[in-house]
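Labels for the chains are A, B and C, by order of writing; each one numbers its residues from 1.
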Amino acid sequence: MVSENGIIHVRIDERLIHGQVATMWTNTLKASRIMIVDDQVVKNDMEKMALKLAVPSGIKLSILTAGGAIKNISANKYVGQRVFLIVKSPSVLRTLVEGGINLTQITVGNMSSKANSKQVRKSISVTDQDIKDFKYLRSKNINIIAQMIPTDEPTNFMELI
Amino acid sequence: MDLAVWQIILLVILAFCSILDSLSLNIGCQYPVIIGTLAGLIMGDVTLGLAVGATLQLMVLGVGTYGGASIPDFVTGAIVGTAFAVISNQDVEFAIGIAVPVGLLMVQLDVLARFTNTFFLHRIDKNILENNIPAIKRNVLLGALPWGLSRAIPVFIMLVFGENIVNLIVDGMPDWLMGGLKVAGGILPVVGIAILLRYLPTKKFVAYLILGFVAASYLKVPMLGVALIGLALAIIFFQRSFTKKLELAGNSNITMTGVENEDGEYED
Amino acid sequence: MKMENMKIETKNMDSNSITKRDLWAANVRWLLCSQICWNYERMMSTGYLYSILPTLRKLYKKDEDLKEMMTLHNQFFNTNPMVGGLILGMDMAIEEREKKESKEVVTGLKTGLMGPFAGVGDTIFGVIIPTIMGSIASYMALKGNATGVIMWIIVNLLVIGFRFTLLPFGYKQGAKLVTEFGERLNALTDAAILLGVTVVGALIPTVINAKVPFVYKSGDVTLKIQDMLDQIMPSLVPILLVGIVYSLLSHKKMTSTKAILFVMVLAIVLYNLNVLG
């Protein structure tokens, strides 16, 4: 999937660069850059160092705030690259879309259970706010699927919530 | 030939212990080739067990339960396949014919076991609030039961009740199927190999893939020999890439070539 | 949050400090029970809680504190069990020093490290070692030789021994573990992958059994197809088969289960067409 702004795959995964994500998805997608967008992670030195460790060698890494991501992507900074965007929750993607970023498809991987969340699938639990954010994203004609690893059957996510 | 009671008991225990070992010590009981050997030992035909286990092992080489995904359970397949092949006086391909469907079906039970443990998780949540330490310990350990039983019960059922079905199959098995299964046994390792090549960054190391192939196929170097060659190359690679990183780093601890801005954002 | 070097200089022998016995207890618990209550909701949380429980009881004498920390440690956790001991050790070092103040740091540590450690751990202990040992063991087993199997079991026992060193190591190093050894981890993973790929290359001609029995007869001419193929390149058919399944797997809908079924059906068909035998 080639897109104009350089983003080839969007994934919601609380584990960010988890074992599976790092190797399987990055290889399958032939990504050239992994972009983490999370305002909290940017402030956490430990997590940042851990992410730098985890990124497969040869792949570039960006750790940005939502605002920073909007600025960079809108400035066409990643055109021609193959960016694999990973976030922890749909609210971040909502912020990006509201900021004018164009996304065509979102893959939901891991969302752990929290207070007041409802489990909708093996490793996906959503809060009411999550559901609102997902509905917003869907209303922008973005395709939302659930898929853990590349060899899994992708399923329509909106049918689950 | 019939399955003796002591054999059934041992095989069921084997199934129960294998999954628990895979979750903890990891002596090797979740690997089909090791379990197949043990099953073969119990059934009195180690060679068959070795062959069955090996074929199944090659099919799942490198496939793992990463992040909680479920994979075909060829450990159970190896146990059941070996057992039935021995008592029906059949060969490896027969065992494979049973082992593969069994393994594929067992995935559902793995999913079930993982789900069931959520029950214990919630009990532990309550225990924490009540500060009930012994109960916490108890519930954690009870989690072993869904795991073990999810393997032991099916194996038990299959071994006890499956004999009649297996006999029917043996009598009615046509040659086109048997022969086909024999060929299948020979080429099924292709799946495990292809999966591995897909998920490792093969393109980056394709030269070494070719090297391994040439060593084994033209030079007839045995597997262990190739592994040693690979180890030597890996050490050279590691030493070279490590010294290269040290050169880039100079004195600083952080050798990443990226830049961090005042907001804390990082990019390379 | 900036992390400083957390070297534990002197151990005061009051009842609040972590002893070798405590490290041992946590180590054994982690080794045996890290995944025993694994579930989809919080995965390894219970194993982590169980392992660190004795330490928590030692450090937090007030009921309220204990409850709070127990809840924290029953939160979502999933990493490679072989290397998880490192995180546990680091966690214990930090909590011993900062007690309840370390709550956020510990959360950050666990959340931040479980992913990357899973990546390295899964690659080395989940893919590379089983691939190499599995290849050797299976290759020998197909010839009726159980030596490979025994070798694999020995390797696994050595790995258990190695795991035991990680928790105390993490405890001694504390947070600076991440900065100092970080870069080596990537090189190590790459080297391991290199080894794995070499072995897989050797697997193709060694364990795939695919011969073409087809013989072409016309008058006096008898052509054995397999001989012809061997002239071009030995193990040509295995390579072709790997190539077919490899490209099949690039399709979105293909799963490993479907690939297995595909190969079985293919085998039966080709057998009956006398292409494979």
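Structure notes:
The rule is simple: contacts are C-beta pairs under 8 Å (C-beta built on N, C-alpha and C of every residue); 3 or more make two chains touch, one makes a residue touch a chain.
If you're wondering where the values come from, they're calculated on a predicted model, not measured in any experiment.
Comparing chain C-alpha centroids with the centroid of the full set of protein C-alpha atoms picks out C as the closest.
Here the largest set of C-beta contact pairs joins the chains B-C.
Comparing mean CA positions across the assembly, the chain most remote from chain A is B.
Chain A and chain C have CA centres that are 24 Å apart. Work out the mean CA point of chain B and of chain C, and you get 11 Å between them. The geometric centre of chain A is 30 Å away from that of chain B, both derived from CA atoms.
Of all residues in chain C, those that touch two or more other chains are 40-42, 78, 118, 122, 126, 179, 187, 190, 249, 256.
Residues of chain B in contact with at least two other chains: 66-68, 114, 198-201, 204.
The residues of chain A that reach two or more other chains are 15, 18-20, 23, 43, 52, 56, 122-123, 152, listed in rising order. Touching chain C in their complex are the following residues of chain A: 14-23, 43-47, 49-54, 56-57, 112-113, 119, 122-123, 125, 150-154.
Those residues of chain A that touch chain B in the shared complex are 15, 18-20, 23-24, 27-28, 42-43, 48, 52, 56, 58, 60-65, 68, 110, 122-123, 148-149, 152.
Note for the complex: chain B touches chain A at residues 66-69, 111, 114, 198-201, 204, 256, 258, 263-268.
Chain contact summary for the complex, chain B toward chain C: residues 20, 23-28, 31, 33-34, 36-37, 46-47, 50-51, 53-55, 57-59, 61-64, 66-68, 71-72, 100, 104, 107, 114-118, 120-121, 124-125, 128-129, 131, 133, 136-137, 139-144, 147, 176-177, 179-191, 193-202, 204-206, 208-218, 221-224, 226-227, 229-231, 233-235, 237-238, 241-242, 245, 249, 253-255.
Against chain B, in their complex, chain C makes its touches with residues 31-43, 45-47, 49-50, 53, 57, 63, 66-67, 70-71, 74, 78, 81-82, 118, 122, 126-127, 130-132, 134-142, 144-146, 148-149, 152-153, 156-157, 159-160, 179-180, 183-184, 187-188, 190-210, 234-235, 238-239, 241-242, 245-246, 248-250, 256-257, 259-260, 263-264, 266-272, 276-277.
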